[in-house]
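The two complexes that follow have subunit A in common; it is paired with subunit B in the first and with subunit C in the second.
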Partner chain A sequence: MSTSNSETNTNNHPDAANSFNYSGKDVDLDGQTHVQQKHIEQEVVNFCYVCFVCKELMKKYKYIRKTRGDGNCFYRAFGFGYLEQNLKNELELDRFRKLVADLKDKLVQLGYQEFTVEDVRDVVLETIDKICQGGDIPNLMKIFCTQEYSDYFVAYLRLFTSAYLQMNAEFFQSFLDEPSKTIKEFCCTEVEPMARESDNIHIIALAKAVQVSLRVIYMDHSETSQLTIHDFAHTDNEQMFHPTITFLYRPGHYDLLYEN
Partner chain B sequence: MSGGQMKRIMIEVKKLRDIPQTFILEKAPDEDSSKVTNTRTASSSADSTSNIIIGRILPKSAPYSQGSYQVEIKIPADFPFKPPEVKFLTQIYHPNVDKEGKICVDLLNTAEAWKPTTPIVDIVNAVIKIIDDPKIDHALNAEIAQQYQNNRAQFIKTATEFVNKYALPRT
Partner chain C sequence: MSSSTATSVSNSIQEDEDLKLFQAARRCGRRNAMGDFTVQLAQSGSSLNTPRNGTEFDLVRKRLQKELKILTETPTPGIRIVDDGSDMRKLRIDIDGAHGTLYEGEKYQLQFKFTDQYPFDSPQVVFVGNNIPLHPHIYSNGHICLSILTDDWSPALSINSVCLSILSMLSSCKDKSRPPDNDWYVKTCSQDPKKTRWWYHGKDN
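So, the complex of A and B:
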């Protein structure tokens, strides 16, 4: 445990409140007491916030499904959540299958080598076919826990996102945190490499690219008196909004939520 | 290994055969051995040794342009989601290659640069580019990097000696 910097340490790590300098000569006990009080107050706020969010969530949602925390959680949760919602919906799966098949040509137009996207596309098509032929939730679980299928699905959803961003580069350019980066560079470093985490820009692009509406509930302290909800519509007609998939976001991670 | 992965590797190998001006392919995983691999359990660690590509790169700038250099490209079990590992088998005197033959190529940086859609041909070209045009601020051998910057004549002399001693023919 650190015994230095106790007076300036203002982070809310649980150990920080105990890291007092008993051996130092110029101990500022008042200052340390103040820091400790602040920590306790923060802990209370955090606890109340978690209680509040849980209570609010329980009003509307019955389950949460935890996803693997490997940086791919948004895409993996999306893939699983989407297929789960449409297990028996042949029409919708057909629509999605066509989008999957057509993405390859778009990628080739954007300069990708055919064989480097074909292998991924084929495995995703195979996955969709498996679901069509008798998909139930245990089956889907098995598929998404098998790396050979699951990672290909994640990679292809990343390509959906990347292609949509690139094809609408002018629109998305102003969303970038680093304005000197081009959309193409952003896609190369922040979208396509596996395990890169997702932000709002990725979510907007994927929702539009595959035409699926999403809702994200943020548990990130940005609002303490009500739930922070962001809806990502796949069309501009927001009155019709109904999310296919709902995510719970906690900093750095997405899980799935299931409505009552 | 999945079918998708084997198909991909076979095409990668074919593409590597198509660039005789920059790369001479010497060893590649063949489809028959992959069928044997497929019948084994997926987690068998012995599988990894069957996924090695070996070939000689043909740099274009002096003194390296006088020879060819054997490199090993090891394809990981979770390719293309993890990048291949590239290593020099032929000794080469270069600031970006360490004593074990390890070379640092930006493309292969898992966290920031590696994408499943990067073709292996691009990796080979990136290796040749760094040999032709050393990147001193990413040196793996600090001594050679220093010599490259401060005593270019001596650097070229030693590099040429290595070429004469270890480099392989270009045909």
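So, the complex of A and C:
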């Protein structure tokens, strides 16, 4: 019925197309104004949201440290943040060094080639030693800005994540977006290659593998009345939750936040 | 009647494939140009920003020395180093087609090239010599379509694991043939297979 109506309309006004074209400019202007207005409104909403988040963040956090945006930001921020917090904490660094050393055997059990894993591990241990010897933040900065050391560290944190996922494959299988993928395939394509970005599943696994509690504050419009905070505890005792490292997440990128 | 329908269907699929290949090559052309540019930028950037203190080169050399040592001392059957290790950035390796596969009894040669960023950057790997295996993922110029050689490379892989992946790719092959777009690819591709934007399909590659 509606189709036949529109047909009659066109038939009744043979110059309908022309008149539409003529007035088209005006309609377009209106349309453009409308689109622009919507755009401005959206920007105001975004701006208000950013202002709101900034205000909330500034209540609790004093500084932000920006990390390189190369797809490794989560791991690099984790490595730097963790070592920065524990520069003077020998006990904690010894624990971490032992985890680093032991991961090799776990990876070999999972079928990795011993010497490639060993290669990465040795450089990471060397890096930790250098950081301990220096003992201060400028030295840590220098080491983390040296591409090779920094990249080896990232690579090994990726292996920590991968090994934990594989050793708990049954649990993590249901988290995968593509259920047809096995955890092993997921690790080979989404965890181990450099520059692959990290999602919740990676964060959960790394926090548990290295036994470090993490907090992520999301700035991605998911909530507008309060900050979206996700805590990743390394134990199941959540009453005592205190994050070692806090990240600020903006879509596709992680930076470090420092509490007041 | 039904057979003619089938032909027309298969024709349309071929046209579709053709179009896809064409578009992919165009994409690939642009990507290639971008790729070169990024490499140049990265090189000039790194020489400007980070003073070369030799750590990088040392780590690459140390890693390669270790890999070569293991390859010579505990070789995997069917994988042999040809070079004497004088030029560590370039290496040739002979591989033998596995028993009980379509490639049994055949010998092939692979060439590996490594950059300063190895093992973070994947090695460049191509088949060289007169005998290039006939395989749906290997082009007649020696280029190989294998995801661990670009997208899915990780520093936990090695020369040996690349050779094993290539051998397993050959072993699982059921039909010895060139890739459908072989002629065109060989005419239009860059010398460096890492500059090709590959699409990977299936678990085999």
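As a convention for this text, the second predicted complex is superposed on the first by the 227 of 260 C-alpha atoms of A that agree within 3 Å, B and C clash if a C-alpha of one lies under 4 Å from a C-alpha of the other, contacts with A are read in each partner's own complex, and residues count from 1 in each chain.
Everything that follows uses one rule, which is that contacts are C-beta pairs under 8 Å (C-beta built on N, C-alpha and C of every residue); 3 or more make two chains touch, one makes a residue touch a chain.
Here the structure is a predicted model, which means the values were calculated and not measured.
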Subunit C versus subunit B on the shared subunit A, clash or fit after superposition: clash
Subunit B versus subunit C as contact partner of A:V212, first or second or both or neither: neither
Touching partner for A:V117 - first (subunit B), second (subunit C), both, neither: both
Partner chain in contact with A:I245 - subunit B first, subunit C second, else both or neither: neither
Partner chain in contact with A:A163 - subunit B first, subunit C second, else both or neither: neither
First (subunit B), second (subunit C), both or neither touched by A:D151: both
Listed stretches 3-11, 21-29 or 57-65 of subunit C, narrowed to the one that overlaps subunit B: 57-65
Shared contact residues on subunit A - subunit B and subunit C: 107, 112-113, 115-117, 119-120, 123, 147-148, 151-152, 155, 159, 188-189, 192-194
Residues on subunit B engaged by subunit A in the complex (per definition of touch): 2, 4-5, 7-8, 11-12, 15, 78, 80-82, 110-119
Subunit A - residues contacting subunit B, complex: 107, 112-113, 115-117, 119-120, 122-123, 147-148, 151-152, 155, 159, 188-189, 192-196
Subunit A-facing residues of subunit C, complex: 46, 50, 55-56, 59, 62-63, 66-67, 70, 119-120, 147, 151-158, 160-161, 203
Contact set on subunit A toward subunit C in their complex: 107, 112-113, 115-117, 119-120, 123, 145-149, 151-152, 155, 158-159, 185, 188-189, 192-194
